[in-house]
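Here come two complexes built around chain A, the first alongside chain B, the second alongside chain C.
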Partner chain A sequence: MQPIITLEHLGKQYITKRQTITALDDVNMRFYPGELVSIVGPSGCGKSTIIRMIDDIIKPSSGTITVNGTVYDNQKPISRDMIRRLGFIFQIPNLYPWLTVRQNVTLPLEIMELNDSAHGEYADQLLNMIHLSDYANSYPREISGGMSQRIGVIRGMVHQPDILMMDEPFGALDDETREQLNLELLNIWRETGMTIIFITHNVEEAVLLSQRVYVMASHPGRVTADIKIEFDGPRTLDLINDPKFAAYCNQLETMIGKIELDQIV
Partner chain B sequence: MKATNKMTAVIAPVIAVILIVLVWEIAVKAAQIPEKLLPAPTVIFHALVKNFPSVISKDLVISLKSIAIGYAMAVPIGFVIAAVCSQFKLVVRAVTPVLIILMVTPMTTLVPIFKLFWGADTFLKLVVIVLQMAPVVALNSLTGFANPPKSNVDVMKAMGCGMWTTFFKVALPNALPQVFTGLKLGCILGTIASMVADMAVGQGGLGYRIMIYASFASTASAFATILVAAAVGVLLFQLVSAVERLLTAWN
Partner chain C sequence: MKRTSAEMKMLAKTADALALVLPSVVLIVFLIGFWQVQCTVKQIPAWMLAKPSDIGVALISGFSETLPYLISTYSNILVGFLLAVVIGLALAILLTNVPLLAMAVTPMMVTLACVPMVTLVPLLLVLAGTGSTPKIVTIVVQCFAMVNMNACVGFMNVNPQRLELMQSMKATRYQQFRYCILRDAMPDIFTGIKLASILAMITGVSSEMSGGSGGLGNRISYLVGYSRTSEAFSCILYVAVLGLALYFAISLLEKKLTKGM
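Up next, the complex of A and B:
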């Protein structure tokens, strides 16, 4: 099978007034259609940078990105039709203070001219899923941080993209909400067959959700491992009791921990 | 608690005005200041009642007309200049000081020069009003448009939006408070400019009427007209503020 996204020799340097930061160096990744892949790694290793480049929010300094057979790099931007097949969930909610909750959620529909009732109903369905239907007409300043976070999550998928990038989407939520949304995400993923790139700090979350996990190290940001996660049963919270679950978590934990230790030494 | 606060907010300034008027009345009477120099409030009020229907109201209409037409021209001009310039960082830097200079230049000083070419007519007043209003509208809008929140712009980029969609969906709503600062300052400066233009150009208007009354030493009537001019400024300001509150209800 052909990968839907291929990153080849991807590099990114941030040039600031004081210094040049090599955020990523020679990153190679592949994502196959319908896969749910997590990226884990220490803070600052360039996880957000990778998906921001895939979504063409920022340009790579070197290397190429191929999505659906179309190559783009720091010269050639992604086409508008292509970008609309992608969904992006930001690390912070980035809500628009002058729009109501529902207007925030349906903004992508408005921009992409998906104004039919089916899309509107899907938006309401998602609002219901995150238990915020009652807040549809509230403004962002009237709701809590965790609520904003959840709204940011559904805004990124309301236009039913083929590829969804999620940047620590549940990072700011309590454990209960996080578990519930993890299960909802698995449901949506199964129903839609989307390809999902999921960034997280939480290894349990990565193991529960993913079919594969990329582990990264920092200074410079690079990929250190590509680990397949396989379970016999379905993905439910029961997996937590599976000895394999603990084993995967330990494996990832040590890899990330070891990386951090290496850096201290 | 809230209701009492609101009450005091209304009552306090009313009491202040009543006190000032009272002191003024008593002081003028007690010190026997000649009416031609400083008329008492009651005298001014009489002059207002006497002259408003037949004279001052006509000048009021002329002034309101030129301010309204001036505003209707200056606001879109200032706004479009700001919107276009804000898209280019370098242009923002280049244009900002020019707008500041234009804003602080009293445009009525140009009247004697313009008169040489156009003669004294109402068109000249409009030119002065627009020149005075447009820069302050443009400057404030430009400041607002120039730095839209990066996080919200990223959301637009993620949806593949171009520069103008981003402008209308992010930069503009985000800048509404600054835009309205410009619109409010614009109506104050425009009102002042129209009064001074009336004096310099003639052809009626509240400024012209004040000048005429003053030159005939009808001080009370002049003050009455000044009162009307002040009311125009206050009302226009309140009108724009009301529109602002309507459009920035989310804030």
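Up next, the complex of A and C:
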């Protein structure tokens, strides 16, 4: 199978007056259609930078990004058709306070000029799925943090992208809400068949959700491992009691921990 | 008589509203009463300080005589103020998109905002005659810098995460401005507009006092010159009411445009 996204020799340098900081060094990654892949690593390893490059918010200093056969590098901007195939979900809900909940959800449709009734209906369907239809006309400040984060998530997928990038979307939530949203995300993933790239520093979350995990290290940001996560049964919260779950978590913890220890020594 | 629950609710709402304005009403009544009593007891002559009761009489009896002055002053102020808002906002959009221009213009803006433009009136009278033009020009020059500086602050300090959302959707520059930057800057823009409205009132009336003919400023100078203090006071009250009306109209618009923020 052909990968839907290929990153080759991707690098990012920040040049200041005093020094050149290498944020990312020779990152190579492949994502296959319909995969849910997590990227884990210590803070500052550049995992958020990688998906911002795929989404063309940040330009790479070197290397190429290929999405669905189309190459874009630091010269060529991404096309409007391409951006409609990408969805981006932020670490914070990032809702516009001056828009109602529904207006926030449909904002990408307006920006991307997809304002037809079919997309509008899909927006309502998504609101219904996260049980927030009753709040469609509320303003963001009138709803809770967990609700806001859910809305941020469906806003990122309202234009029905093929590829969804999530930047630690549940990092600021309490454990219970996070687990619930993890399960909702798995449902969405199964129903839509999207390719999802999920950034997190929580290894349990990565193991529960992903089919594959990229482990990264910092200074400079680089990929250190590519680990397949395989379970026999379906992905539910019961997995947490599976000895394999703990083994995967341990393996990832050790890898991230070892990298950090290496740097201290 | 029995009251329905809807009526009771209305009553409760009215009572709440009354309780809200009661402290300020009490204070105003007390101050005016004190003023009245002092004037009466100490027998202060009317040419020195008018009694509130006399001012009240002048407010009503002098209204039809003052109305033409009021209209001419207020229309100058409104025209000048609206022009200043339009020019200030348009220039802010231009400056925040052309950094070189901003570097060239900003020092001048700050200077303009600091100079009392009333001093310009006598000079403008020579240039533009004694009609409305010199007054409107003075108001515009005084006020547009205030609108401009505050709008620039709003446009420059847009929440970076909100802007990043726009970039992730590949919004065009126009879309970024319309959907994000303009809305995010609204509170700052309104700060500038409100300050400009106050400046416009001050500049409008005082420019009439410093030269030319017509308008409330002129009328006040004239009345004071003839020791008609209660009438002069009544004119000042008219100015205050007009200023408040403008300010509240702007506040209402602000509430609408910053809903949810």
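Just so it is clear, the second predicted complex is superposed on the first by the 256 of 265 C-alpha atoms of A that agree within 3 Å, B and C clash if a C-alpha of one lies under 4 Å from a C-alpha of the other, contacts with A are read in each partner's own complex, and residues count from 1 in each chain.
By our rule, a residue touches a chain if its C-beta (ideal position, glycine included) is under 8 Å from a C-beta of that chain, and two chains touch if they have at least 3 such contacts.
Source: prediction; values computed, not measured.
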Fit-or-clash call for chain B and chain C when the two complexes are aligned on chain A: clash
Which of chain B and chain C A:39 touches, first, second, both or neither: neither
Touching partner for A:56 - first (chain B), second (chain C), both, neither: both
Which of chain B and chain C A:98 touches, first, second, both or neither: both
First, second, both or neither for A:216, with chain B first and chain C second: neither
Which of chain B and chain C A:194 touches, first, second, both or neither: neither
Overlap of the chain B and chain C footprints on chain A, listed as residue numbers: 55-57, 78, 80, 83, 88, 90, 92, 94, 96-99, 107-108, 111-112, 139, 141
Chain A - residues contacting chain B, complex: 52, 55-57, 78, 80, 83-84, 86, 88, 90, 92, 94, 96-99, 107-108, 111-112, 139, 141, 156
Residues of chain A defined as touching chain C within the complex: 55-57, 78, 80, 83, 88, 90, 92, 94, 96-100, 107-108, 110-112, 139-141
Chain A-touching residues of chain B, taken from the complex the two chains share: 151-152, 154-161, 165, 169-170, 173-174, 176, 248, 250-251
Chain A contact footprint on chain C (complex, rising order): 161-162, 164-171, 175, 179-180, 183, 186, 258-261
